[in-house]
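A, B, C, D, E and F are the chain letters, set down in written order, and residue numbers restart from 1 in every chain.
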Amino acid sequence: MQINNHYIKQLLELALSEDIGIGDITSDAIIPKDRVATGIIISKDTGLVAGLEVVELLLSMVDSQLMLTPMLSDGNKIEPGVEIGKIYGPAKPMLQAERTALNFLRRLSGIATLTAKYVQAVADYPVKIIDTRKTTPGWRILEKYAVRVGGGYNHRFGLYDAVLIKDNHIALAGSITKAIEMARSQIPHTMKIEVETESIQQVAEALNAKADIIMLDNMALNKMKEAVKLVGGRVPIEASGNVRLETVKQIAATGVNLISVGALTHSAPALDISIDVIVE
Amino acid sequence: MQINNHYIKQLLELALSEDIGIGDITSDAIIPKDRVATGIIISKDTGLVAGLEVVELLLSMVDSQLMLTPMLSDGNKIEPGVEIGKIYGPAKPMLQAERTALNFLRRLSGIATLTAKYVQAVADYPVKIIDTRKTTPGWRILEKYAVRVGGGYNHRFGLYDAVLIKDNHIALAGSITKAIEMARSQIPHTMKIEVETESIQQVAEALNAKADIIMLDNMALNKMKEAVKLVGGRVPIEASGNVRLETVKQIAATGVNLISVGALTHSAPALDISIDVIVE
Amino acid sequence: MQINNHYIKQLLELALSEDIGIGDITSDAIIPKDRVATGIIISKDTGLVAGLEVVELLLSMVDSQLMLTPMLSDGNKIEPGVEIGKIYGPAKPMLQAERTALNFLRRLSGIATLTAKYVQAVADYPVKIIDTRKTTPGWRILEKYAVRVGGGYNHRFGLYDAVLIKDNHIALAGSITKAIEMARSQIPHTMKIEVETESIQQVAEALNAKADIIMLDNMALNKMKEAVKLVGGRVPIEASGNVRLETVKQIAATGVNLISVGALTHSAPALDISIDVIVE
Amino acid sequence: MQINNHYIKQLLELALSEDIGIGDITSDAIIPKDRVATGIIISKDTGLVAGLEVVELLLSMVDSQLMLTPMLSDGNKIEPGVEIGKIYGPAKPMLQAERTALNFLRRLSGIATLTAKYVQAVADYPVKIIDTRKTTPGWRILEKYAVRVGGGYNHRFGLYDAVLIKDNHIALAGSITKAIEMARSQIPHTMKIEVETESIQQVAEALNAKADIIMLDNMALNKMKEAVKLVGGRVPIEASGNVRLETVKQIAATGVNLISVGALTHSAPALDISIDVIVE
Amino acid sequence: MQINNHYIKQLLELALSEDIGIGDITSDAIIPKDRVATGIIISKDTGLVAGLEVVELLLSMVDSQLMLTPMLSDGNKIEPGVEIGKIYGPAKPMLQAERTALNFLRRLSGIATLTAKYVQAVADYPVKIIDTRKTTPGWRILEKYAVRVGGGYNHRFGLYDAVLIKDNHIALAGSITKAIEMARSQIPHTMKIEVETESIQQVAEALNAKADIIMLDNMALNKMKEAVKLVGGRVPIEASGNVRLETVKQIAATGVNLISVGALTHSAPALDISIDVIVE
Amino acid sequence: MQINNHYIKQLLELALSEDIGIGDITSDAIIPKDRVATGIIISKDTGLVAGLEVVELLLSMVDSQLMLTPMLSDGNKIEPGVEIGKIYGPAKPMLQAERTALNFLRRLSGIATLTAKYVQAVADYPVKIIDTRKTTPGWRILEKYAVRVGGGYNHRFGLYDAVLIKDNHIALAGSITKAIEMARSQIPHTMKIEVETESIQQVAEALNAKADIIMLDNMALNKMKEAVKLVGGRVPIEASGNVRLETVKQIAATGVNLISVGALTHSAPALDISIDVIVE
């Protein structure tokens, strides 16, 4: 992940401004300016940690003297009581950054943890768990990073870095074949075309029209198997649509190459992590 | 909610820029500029809808000709198949805005729905369900709005609009009494002081020192009852700490006035809502 | 004051960009890049100094090598000839920052000085001098800080951190009682409600309806005394409306708890302070 | 004035965000969304009005439906009771914009009014009253506009649009002559050079070195007369330094062409103007 | 092209602020506010027009009443005397926008025109002329659009939307094969991998390692032919390196599929276009 | 040049964000985080180098550890093989910054080089080569700096720092004399007035009306000579209009003082410069 990124900086600045506003009234009144503190980041939950670089950047934005010494790396397993890292520096800015830092760390760790569960569930199959564009607005890069930390892979990052032909595009173009032709004639040679299909017939047409990737949208398991057979490994196949932890293994068993899971980013519960601040 | 707000605008601009980037490659290649479309926002889930004004603002930011006609209002109940609103306007920008609009609507509706469950669980008691600062960074105003839509109430919005004296402040000041005095002597007369307590002794001290609100931090149920009795209605009491749907009613039964629930905003699953776009 | 604040940074960036534009034509032509200088900040006036941290931040924004060594602290008394601080560093950026730094320091010191005069005028009474929202647009946080430096206190910071019910709100709600009820039912429990009253009858109603603070708007002195008597110390009372240095003591004598003075921020003359730059 | 200016927009956005923050809590609770109102801008003071376009822009930024119908133009005389303009539109945004709009209008009118007093004081002489860079940071363009409204003229706008050679530049260059040569050899042919002088000898040198304008810095009246005589109308002469209303006429009588007055912008008291909002 | 794009808006805002600054001094002094004008955009040169949407957006940013009626579309041929479009609206903002509008239109038309010459030069071959990342910083999207207008195609838009393995990457990974493996194992399935090669041996290795595209970097013509033969149409081949109008046809004749030309964007001379403004 | 300038920073931030987007996919996959590299900036072309400070600032914005050690200064002559500077630091950010740094350096060096050719062409005459407002939008300050590096001089920077009366202004004012009077009566005393003339008659009128500078717009050589004779050195004369390298000497021979050349900035080809990155 490119932590020095204008999207990430904008989100962090927004996060700090919405929480700090005109200032931390309580600490301004009570905490002397010269007090230093140590903050120990401790897990109270079980899963994978993700987001330590974000915490580090955030701390430096609040006060350049706040230093994070990570004791783990992103992707490491955590359980209740495990120390994740230590923060040193002036007490006032540390208390100001505490909640926002945790809000980032808990959410990203939650996503990595849920992703790992899906990855584990299909460990017996040569299939990749991938994310979607169902991310929290403003968090696209961070959440897609957390998916990678959890062992998953990324789908396209936005509307701009790959072609995904959906039902509306097909209807307007007249056919899958025409839609692919229209796209191919205009896009950079560096870009791929994925087509969303809803029937075996559409899969066949996409294949003939030289789609680079074929998505099976909400297909039944037996249809998926049929599609896999038809494609015969010529292009990657993505299964998509309301995938759940309970159903993902069956889907993997159909032989698809990629399974996209919106829940990774839109419904992962936060992991419980806290910071014990000891003011000296 | 003040929809015309600089925090909200910044988040929406960030959300659009991270998704659209240099442009929607697929639609640029396939959809003629003059095509118009109708988008029907349909629920596929059960709960409360929240965020329609955000969707309206977002659509107008993508293209001033995109119009939303809501068929429901925020706070209305939805179930699978219910139509929430209709979008009219040019097809290309509608398709571009679709996913981001849903990402907002689904998340905010998810929070309103979860809040309503907590509110329902304590309906027999004169207690308010309130949120915390455990919100998604960048989303503070929107998520606190969704809590209100769900029947909950807001805690302070940030570090700047109320005093909350915690263990570190108490330790540094020397006592709860001294911490309250230090704060009271500096803050605007319009501002309240809440004190976090961990024992009945601390509750008593906070009460004597004229705290405006007393928070019971992770106290056992019987301790809470004791605190309620001691305070005797002189100031509001907030129960806090790992509140769950299964435990919230028992907490309400202790007689506290407010119960704060971090999960409302950090772990609410998104509600399933989609848009059927019909290009004409 | 939270000097590392997005509002303050925006104002300082705007201030520098409007003055420096494409560059300092004169110094670019004449001053060699490697010249260093010392700048001595000297008072030519009598009052209180305020704004040294702002000057320090501003200097660092122009050039990270510009260093301020304060010889006084905010709130210290100054008179003609007193040295306030010394600036060391490269000559070109020092000359560029000079005027803007002084514009901040002079204005904030002017406000602190005027505030101190009001505070001094009511020193015999247990009353607080407070500011208003009649601040210079863009300068809210800085000017409210200068009021505190002068010994005054702050009213609410904006429309967002306290409820202030005025005549229009009362008229629309139907009565003071209803307006307070409407507000109380929606706001966070951490927030107070102040009501603006224009008659003893309104004071009585506000008191009954459990307003947290009562403002007497442009009342005559004898009315104020009557209001103070009626309230009997149950809630704080704020006197408001065209308060002047000549009248403030009489108002204090009525027994009100707070006197708000718009002139502190909208009409304080700047203090005369200059910088002697010695290029080496 | 170029109202559609990025400096002005930035200041207005900052002004609104610092006052409105997350929203207007009071009006959100009490004022129905569909209420409209009329606001009458009324003078309570005597002087010149300035800033109506700023008010208009500000209103439109808060809500595009807020409309200002000016009844006067900038530069018109006002006295207590005079109606300056009317605002129509939705009540909630009108109340939100009210204080900030007045803060702009009152300050700018105060500057125009004070400028007019200086201009009036020297009406018998062919001399221009001009401003300085001692403006309120963030307000440069607006305050210089208000000076023009009051009948004054502008000095340079910043460090970038004219050369002003001061003592430090002269010392570093070696002499006035060398400083002018250095500047002339580098600047655009469209740019003028003004030299700050402290003695008749320096005036003579500046004149010989073909300075475009000569500033007399804090000179005694008889010295100024001597300088005027020496220059003999070949270049404009500016008198500068602690000019006050009581002394400005004497300075004008020396025959200088321009008198710069820092107090116009750094110490003008605000004019008393209010808005009567009538919610319908 | 997505004209409503945050990159484009930022560039246009920067362009206007650097030219207009505090305002158009000349027009402010001379042109009455209510004057309207017609501006006729006329070509004085021969080539292809490009950038009309940019001009339209720019005009609307200066003043919402400025209207462009295009008489041609992007990609149309122009020659001296041809009218490209008409602008109607208030005279002052039209004169302010004139130069910046032309600076955009002239540059983009210059790029489209030069691109068309390259495309024309290879018209006999089934090869695409493509651009590079050698664009004018800040102008990436606009210049790549102009290349498309001229009949060319785009290479990747930045470092983020395709993998391009260069000599440094190969050296660090150990071999082309390893570099491709490292990239393939981490990137989204929607992304392609292009490899820069400098010898036939490298071409062979890239082909075996399943590169999606092979770039021939500065190869001699006979080497290119050899590479084309070796690849045998299995993946597209891009020729790269100091391509000039004089040499491009020979390169096309080698059978490569794509020829990238940096000069399209870094050295295209502006087309001569002007606006005749008729103030009414 | 004021490198620490808000215009320049905005352009550099835009340039980096458009190229890096969400990150450098290739280097992220292949280059270890701890690798350092040396980059040698080498000329492959003949001319003048310009923009080293821009490169230095850009590198520091990508990564504070990237250090540039210039081996030449702006304005130095370069030819193929000459080393311009060395970059040290982490390999990944160096590769990310490489292309954008070169895009700046190549373009600015191209402008300086072309300017030097014009300056050389008129070396026998006491005339200055000056630029115009025909700069690349977003690049005004940088390109005008490059012109100075090449030995040229700057015309006004924008619409805000000098008056330039053109045909439309004259038509609206009624005459050159009236236009000058209108401008003179409103502008700061620090500002000059230049008048665009198309005939000897207009030159005479501008001279009588005390224009500070007279521009000859597209006049024939003999008309220019006539104008020079008429003006007799009283004010500077600028020749303007489609000046080319082939014609500039003849124009200089007419005796004009300034020759403005739009091509300096709108049509200078980039200089060929590259960076050899050696990863260690």
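Before moving on, here are some points about what is shown:
Quick note on the criterion: contacts are C-beta pairs under 8 Å (C-beta built on N, C-alpha and C of every residue); 3 or more make two chains touch, one makes a residue touch a chain.
Computed from a predicted model, the values in this text were never measured in an experiment.
The chain with its Cα centre farthest from the Cα centre of chain E is C. Rounded to a multiple of 5, the Cα-based rotation taking chain E onto chain F is 180 degrees.
Centroids built from CA atoms put chain D at 22 Å from chain C. Centre-to-centre separation between chain A and chain D, using Cα means, comes to 52 Å. Centres computed as Cα averages put chain B at a distance of 45 Å from chain D. Looking at chain D, residues 7, 17, 20-24, 28, 140-141, 157, 160-162, 164, 186-187, 191 sit in touch with two or more other chains. Across the interface of their complex, chain E is touched by residues 13, 16-17, 20, 22-24, 28, 62-63, 93 of chain B. Residue ranges of chain C in contact with chain A, taken from their complex: 1-2, 4-7, 140-141, 157. Residues 7, 10-12, 14-15, 17-32, 35, 37, 91, 95-96, 99-100, 102-104, 106-107, 110, 133-141, 157-166, 168-169, 171-173, 179, 182-183, 185-187, 191, 263, 266-267, 269-270, 277, 279 of chain A touch chain B in their complex. Considering their complex, residues 128, 130, 148, 153-157, 160-162, 186-192, 194, 212-213, 236, 238, 257-258 of chain C touch chain B.
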